[in-house]
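Heads up, there are several structures right after this.
In the two assemblies presented below, chain A is common to both, partnered first by chain B and then by chain C.
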Partner chain A sequence: MIADRAVRRFRFAPYLEFGKKAIAREATYRFDVFTSIGSFALRMYLLRMVWTALYARNAAPRDLPLHAILTYSAVALLMGLVLDVDQVSSLYTKLHDGSIVSDFLRPINVPLYFFADGTGEVLFHAALVVPSLAIALVLVHIDVPSPGTGAAFALSLVLGYFVGFTINFILNASAFWTLEIHAVQLIVTWLTDLLGGELVPLVLFPVALQHALFALPFAAMFSTPLLIYVGEIPPERYAAALGLQALWLAVLGAVCVVMWRAGSRRIVVQGG
Partner chain B sequence: MAIIETVELRKVFRSVVRRPGLSGAFAALFSREFEEKAAVERVTFSVQEGEVVGYLGPNGAGKSTTIKMLTGILVPTSGSLQVAGIVPHERRIENGQNIGVVFGQRSQLYWDLPLRESFELLRAIYDVPADRFRQNLKHFSDILDLERFMGTPVRQLSLGERMRGDFAAALLHDPKIVYLDEPTIGLDVVAKEAIREFIGTMNRERGTTVILTTHDLADVERLTRRIILIDEGTVIYDGLLARLRDEYGTHRTIVATLSENYAEVAVPGTVLESREGNVVRLRYDHHELAAETVVRRVLDAYRITDISLLEPDIDAIVRRIYTEGYSARPARVPS
Partner chain C sequence: MVRRVLAVYGHHWRINALTALEYRANFLLWAAFAVVYHGTALGALWVTLHAFPSMNGWTFRDMTLLYGLWMLAHALHDTLFFGVGNVPEYVRDGEFDRLLVRPLDTLFAVIATPGQIFPDELFLALGFFIVATLYSGVRVDAVFVLCVPFVIAGGTLIELAINLLVATLAFWFVRVDALKWIVLQLESEFTRYPIGIYSRGVRLFLTFVFPFAFMNYFPAAYFLHKPATLALPPVAGLLTPVVGIAFLGLAYAFWRFGLKRYAGVGH
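Our next item is the complex of A and B:
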């Protein structure tokens, strides 16, 4: 918004504090912690059952043997612990009940506040990866990639997280205009689950559909890091795969900026 | 020098006109008609540093819209304003550092965090030096009695506790100006008193400028000398509360309890307002008659056990201005 353009010494401390407080806040919801670990264990068990049964009756597709697809599923579920968190939901809540006004009264950059708060929330959930990984290792064998592949996976995962953040930001910021976002959110969750490769590797889909799906931003969240991990994307295609993720991030990031400008202008013009 | 200055401040809201029925809803998909409504119309006033000003008006008069423009979250349609030397909506972040805001209807504390942690977060946001933070917190907690519930998450606080927390939070960074929007709404007498005490102390000790909007005129009487009355987006009175009382409160009422059962009560120069058993209420114009004269006339004519003198309350005066409009020489109270 216009008002944010003032030249002023930037202070990092408030945002660090927002992140820390978000972690502390999440930790107060203990029930959530147990349910998400419980649901992780259940889904891991079910996926092992499904894939094992399918592979027992059919030949392994292409170069995805059973251990690779189980690795894929385990890593996808672990990633889901972090990436499935809607870390910008407070934006929706605040737009809905009007309390966003309070944030505009403070000497802070408001979108950066949401980023810091959301990242804190996600970092708390990232801590759940450790016990979940232990459970996963009891249920399935997880392949360990080479250091090079591991590094590419990590980079791709970070890009995937940022793409996820922008998608969530766009969804929640649409509440600037429509006060109801749950239906769209449901569709997007379903799209990322199914068409983004969280549940089923996209390489198992028909080739024509694959091309379409790889071009969608949902693939940039889950599919790209996962296919790098299991070796479906070979090292010579890393640059292209990461480049496509970065491109999506740039496009979605630009959409966020435009939406925020227009949305916060609505607030300052109409008063929320 | 004025710390707040507004000149011909105006804010027009544009809203879609909804046509009735299904066909109207369909038509609205393609073409929309807009309707403009001025929430604030030519508001000019200035406030000196260290002043406490009551900004009053009936619901929908434009109070909140003005406050939102002063805090920088609403851009005026036209006119100009300056707060502590800057234009709030152009430099929102800088302005945010200068002001503290309390909305009685909406807490600004962090819902899930204990009060103490909310304060620590605010310390980081406003960059309050550590020793100043400790001093302020100690001081506020003494006046507002915060210590008991410092460790309680905000969502578990009672309204009174929450409001005390909100006040401490709004003043923690030593703002030059605080905007208080209905700060005592819904509070019990004890909490109201604590809050008023706190506002008064901050103003006296730190010279904090206070803009107070409220419907509770006891807040106003207790805290401010100057009030600005606004109605339909326009300032209708800006001046001393006492002057308003003087101009509009031209009458006084004597309440006397008679010790004998008089068939008829009549005192020259007064009007019998009501009589309930032996308690009579007599109204007179205090510009025309001195209290002494009236009391003597009552005592000369009747035997009484009790007598008291009532001033018109500000509530009645303000109500009268809202309905009749303000004029410097109001029509006499019918007598």
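Our next item is the complex of A and C:
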């Protein structure tokens, strides 16, 4: 009954604490920081060389000059620092070792706890954007968009982040049923890299494929904000592009709710 | 002695196979991941070279052979020598001390430690290599047929040498994960393209320091009659086994040196 009262009088402070704790936890993995920044620098160098070589010997696409595609690659890599973080992995860990049971006994909203914990984790990784941006600027020139485009990009990025959050939540929550999710998770991550336009802009795909890919949730994560940034999506199409992202967010969010309700009713604890 | 070693090695594969059979669904998912991993890499290459047909004179067809050579050597390495990459973890957990007191060679004990190893990626790589050979239009003559197995074996040794080097560093620096990850990235991502696109320093690095370019770039350039980089003669592409043996020799000497000095991390 204590739990009921706590839910009725919602307090924000505990979730702020969960977020702070997550930041502190992530900060203890200092070596991962070096890995992230080191591999960012390698990828940035590689992409610069690849695109430069390709543009040197071929006719450039009419609306995507070299500086635009280098900007695209740099921003995509920077976004990856934040969007490629699986901020719901603690849900899987807790389902796997059974400690999720104690979370259900606490006077908190459990999904909101995972959200706060994941946001803290992501905020820590977001701090890596600063040194990485400095490295990127040494290697390539990044175009700065107009304030209007920048604002649309920011909004689209936030929507993309939440789409990513729901996909991660669905993957981790599937451990309610399958208990082992890593291979599936990696499959989805790799598919997102390609089909979401993180590796190669979707506008370079064969036209027939483009239409299908733009409609998928992967594009809503990476491609939409990026294409807004480099001006491939012009202002008159902002509403449609952001609307599609919001639609995917609503659909995937609904799936999360359904999965959580069904999953939390059938918790199976493996010994422990 | 040889019979004992072979018996232990046979057991290693028996346990690997039993593990795969025990976790069938998981095994199939990991096999699916191998397909997706290489599929996305090739997909990205295909899309890029669909939009831009030539990369320094290399087409998508040429680059499938480049990828196929790397993939086959890499898959062979991961099937036979995957355990070497686990050494830093063993050192950290103190597990390594157990391997040291085994009555067989320590490096062999490392290699013959069972895990979730199954040659699924090797089969995939073999299949892809055959497809890539036909698709790339490379001339399949006696030289090609005779040299490819040696090039693949040499590529496997190169990867083993570099991994052994990194693993040995774990005797002094307990956390080498960052270095391991970066080396893997150099090997898997930088070998995807003809190295002529890189700056001179990186080309020299990939040829003489971490000679990943000998896994696929130099042999592919030789077989496809492309001009090689760094003023090396085309026939350098057939030197892969020599490079592999030389680097493995160096790495093994470093490993022996490290073993003698290894003092544990204090468990």
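Here is the rule we go by: the second predicted complex is superposed on the first by the 260 of 272 C-alpha atoms of A that agree within 3 Å, B and C clash if a C-alpha of one lies under 4 Å from a C-alpha of the other, contacts with A are read in each partner's own complex, and residues count from 1 in each chain.
Convention: a contact is a pair of C-beta atoms (placed from the backbone, for glycine too) under 8 Å apart; a residue touches a chain by one contact, two chains touch by 3 or more.
These numbers come from a predicted model, not from an experiment.
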| item | value |
| --- | --- |
| Partner chain in contact with A:109 - chain B first, chain C second, else both or neither | first |
| Contacts of A:101 with chain B and chain C, given as first, second, both or neither | first |
| Which of chain B and chain C A:208 touches, first, second, both or neither | neither |
| First, second, both or neither for A:17, with chain B first and chain C second | first |
| Complex contact set, residues of chain B against chain A | 13-14, 65, 68, 71-75, 88-97, 99, 101, 103, 106, 108, 110, 112-113, 117, 120-121, 124-127, 153 |
| Residues of chain A that touch chain C when the two form their complex | 31-32, 34-35, 38-39, 42-43, 45-46, 49-50, 52-55, 57-58, 61, 180, 183-184, 186-187, 190-191, 193-194, 199-200, 204-206 |
| Of chain C, residues touching chain A in the complex | 25-26, 29-30, 32-33, 36-37, 40, 43-44, 47-48, 50-57, 175, 177-178, 181-182, 185-186, 189-190, 193, 196-199, 202 |
| Residues on chain A engaged by chain B in the complex (per definition of touch) | 1-4, 6, 8, 11, 13-14, 16-18, 21, 24-25, 28, 98-99, 101-102, 104-109, 267-272 |
